[in-house]
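Both complexes below contain chain A, partnered by chain B and then by chain C.
And now, the complex of A and B:
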């Protein structure tokens, strides 16, 4: 049995003045239309959202109606949308469902993400210190530089993704040393939805899921190997093993990196680049979509990577692609999905 | 609420958002300012939703037909609470007892929940007729203060069709929360916090994994062994900065403490590679939490 990506829907990514339900409805109806299925044909819904970003005790309460979950089963993941995709695929592979909708949303214009993520760390050992996703990423970047990481490579990645000169990156304001403003992807608003099915009659666009993996590292930052990124490595190994692929079989990768050095670290951990990360800068096979730097919200970024990877297969740009999502401080969790055309 | 030094760490979680009410709610608010309670009716199942929402969950139809409902209605359900809860709007406890109602306003198909006002909570009853009490001017549902008993029967004049409003998203709404939390630190956290109060940084030694883990903890995260007090080891206070991030102020660092196999997260007043030591606050200022250490400072500066 194969899971197929049958429909893709998304909003424009940017500042959005609509309410969250209005925004999510657009992405969901676009995905249903793209797949040519009605809401009645959806067996189950998996949503991804983060309460802190939505300012709700349970952000999923906002969207039950607009994702079409009334009187259906709805599972909710408080990680990146790529993790929701993996769970939805597992549901289909169980043989108990035929068609599942995956939805991710966030509005990062509604609050200061760094102020919010400061509350997402362990309250006993780290919360009072002011650690957040930005400072965790800065510590990771500094640890990488300590091991011989090349600051110019970091500037080059950001420059390529943003379409600016490396000097412009290197002269942008410092946000948390060693990170500068342009080392970070723009955080915006939006929603993305995918229709997954194992019913071949509904699989109109011929994109199959060949492998997937999911892995989480310990939470305490000092326990982690911030440079080796073992969770990304293990998630990739799981996916490669499931697909029976080697890394060189992959023609294109879509990586979720909110910070420039993370694209280098994760490209390497996913075994797609040399140790200096140079292929990530020079090769066109990494994040042709622009990746997170094209402007994505938290949570949506990973599902959007999968959507971009599926579109690369649809348009014939590549036949075998890898899509990646991550979440938590300095990428505590990672999800890897391998997609293939003509399955 | 427990004291800081009785096995709890307390934080006030300050949060702020600028939320978009969206076109549906903006239209609802515009009607409200004009003195009308407006719901949306589903063209398929003809349910009138109040408060309005963009989509009928039953039919999965976008909603666009506006109808006015009455500000009087019937109690469909109620409960009387005797336990004080933290009111999410005010941040303080609501005086008890109080009655929460489910009220279906005349003309609406759905009910809204709110509090009973101006009456003894014990008089709440199913079928009771009530009327909305507002704070003027009415701008949002936050100006609905509750429901008070009134007379009369259901008004068949509702729902009344309304002219479709100009749907445009309104200005964002500022939402601030300041939530107090008291976290139980647990066995491992207690050892750690008590250690800090006595000027020591404690780690747990896992014999099976041959690793000294800082901060000390209740269990080994790798082999799941339950740690005992006899597994505690003092590490540091000296070490080297393995990584530093230039924010917030003072900057954060990952510190390789002498004797530990994992890194310690704290504030550092030094760059990567520098030998540092923990600068503890004076004994009387320590509260048994990570901030008992002011920061890690260069060894020379501490001498």
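And now, the complex of A and C:
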């Protein structure tokens, strides 16, 4: 049995003045229309959201109606949207479901990400030190630079993603040494929805899920290989094993990196870097969408990478693609999804 | 479809405050008991599903802090959070992950450490425009629903008090339970102070610190781990509109539980649930809710739940023992409560229920309840589906 990505819908990422349900409604409606299915044809819904970002307990309560979960099954994954995608695919592979809707949302304009991500760190040994996603990323960048990482490469990645000159990145204000404002993807609002199905008649577009992997690293920064990113490697290994692929088979990569140095680290961990001699895709095939820098909200980012990867297959840009999601301080959790056209 | 069974369970010693352990240590207590129970090693677990309501402790992505304690290091791990149903939804998620064929064994861990947060503040963070200033917190919501239920179904405070007594007396037989009250009487419940009319102190569930773990294994592996696996025979979930005003008579209707139960009963051709189940572990957040669930689950006709309670049909020695564990009324670490229901039902099928064991359990009913109107239903059995 194969899981197919049948429909894609999203809002325009940026400052969104609408409420969360209004944003989600737009993404869901677009995904259903794209797949050519009605709400009645959706068996189950998997949502991804984070309570502290939404300021709401069991925050999928906000969107029960707009995702169509009234009197239906909904599972809500409180991690990145890519993890929700993996769970939705597992539901389909169980044979008990035919069509599942996956939805992720976040409204970062209403939530101070740096204040809130501090609450994801160990409150006894880490939080009081001021660790959050920004400062953990800064320590990670420092560790990489100390081991010979090239600061110009960091500027170049950000410049390419943002479409500005490297000098502009290098002169932007420092937000957490050594990271500057333009080393970080903008924090925005939005929602993304995908329709997944194992019913071939409903698979209007020919995008199949070939492999999936999820992996979590240790929580404490001192316990981690912040530069090697073994969780990204292991998530990819799981996905390759399931698909029976090798990294060389991949033609296009969508990587979730909120900070410029992370795109460099994760490109290498996923074995698409120039310097490890295994490079199988050219530079233009890494994050052609712009990646997280194109303006994806937290939580949505991983699902959006999968959506972009699926679109690359639809447009004929590539036949075998890898999409990556990550979450937590310095990328503690990673997800890898392999998609293939013409299955 | 791949057949999947619960082959191991483990839980903490639940209490009002487990100040002796951190959240990861609490999880580790349940997980180590669970895998040792089945003579497994952490490396035998392929993937982990966590269940917890992080806002109750004011945390974000607590799965990252707690993954290592749940044997999830360098493994696939994700967290389910759907309010009170988190635990049952987490258990169902673990089932799907094994049923998908991707994993052979999946560990599900639910936990909550209410003593480290302010639960009712968390629960009051409902829709800021409509519900937050009307009925914030569980108690007020229950009081409104129960008042309607008493009027439409003639449910009596005495019958509710009997449920509260049954739960705390059963809990006295469960070494893990939080509120053990072997000598509790109906009069004591009815004389306890009013929290929100008509709900009295002893009608309500407590807030507990606790964790519970279980292991799902695929057919072939399950029989090697456990001599009497608890097979998942059917499951269904229903969510519903979240607004209080959208539910005229929420408890007496509870259409999500009715509909989810009807789906699994149809799938398994169950016509007389009271006779066809040997035990039930249902999520009853307040004494009156258990009465309402009897009707929604088809244990009796509408308006007959009080009689069922008064006749002792659901006592430990009755026709269908409901919550031999003591239920949510005795132990309520929210993220764990649903996992506890599934684990206790599995324990009954495993035949390892100790003093709370019901004789010869072949089929058990499990329910989860959350966000005032969401329901999960699972049927576990000694026979493969």
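Annotations for the structure displayed:
Criterion: the second predicted complex is superposed on the first by the 335 of 343 C-alpha atoms of A that agree within 3 Å, B and C clash if a C-alpha of one lies under 4 Å from a C-alpha of the other, contacts with A are read in each partner's own complex, and residues count from 1 in each chain.
Throughout what follows, contacts are C-beta pairs under 8 Å (C-beta built on N, C-alpha and C of every residue); 3 or more make two chains touch, one makes a residue touch a chain.
Quick caveat: nothing in here was measured; it's all calculated off a predicted structure.
Upon superposition of the two complexes on chain A, a steric clash is found between chain B and chain C. In the superposition on chain A, contact of A:64 is made with both chain B and chain C.
Within the superposed three-chain model, A:17 lies in touch with chain B and out of touch with chain C [touch as defined at top].
In the superposition on chain A, A:124 makes contact with both chain B and chain C.
Contacts of A:110 after superposition: chain B is touched, whereas chain C is not reached. In the superposition on chain A, contact is made by A:139 with chain B only, not with chain C. In the superposition on chain A, A:176 makes contact with chain B only, not with chain C. Touch criterion not met for A:201: it reaches neither chain B nor chain C. Of the two partner chains placed by superposition, A:246 touches none, neither chain B nor chain C. Touched by chain B in one complex and by chain C in the other are residues 52, 55, 64-65, 69-71, 116, 119, 123-124, 218 of chain A. Of all residues in chain C, those touching chain A in their complex are 1-2, 22, 47, 53-56, 58-65, 67-68, 72-83, 89, 92-93, 95-97, 99-102, 122-123, 125-128, 236-242, 255-256, 259, 370-371.
Those residues of chain A that touch chain C in the shared complex are 44, 50-53, 55-58, 60-62, 64-65, 69-79, 83-84, 86-87, 89-96, 116-117, 119-124, 212-219, 230-231, 234-235, 238, 242, 327-329, 332-333.
Interface of chain A with chain B (complex): residues 16-22, 25, 39, 52, 55, 64-66, 68-71, 107, 109-112, 115-116, 119, 123-131, 134-136, 138-143, 145-146, 174-179, 218, 220-223, 226. Chain B meets chain A in the complex at residues 9, 11, 13, 15-25, 53-58, 60, 62, 169, 172, 175, 177, 181, 183, 185-186, 189, 192-193, 213-215, 221, 242-248, 251-255, 262-267, 272-273, 289-291.
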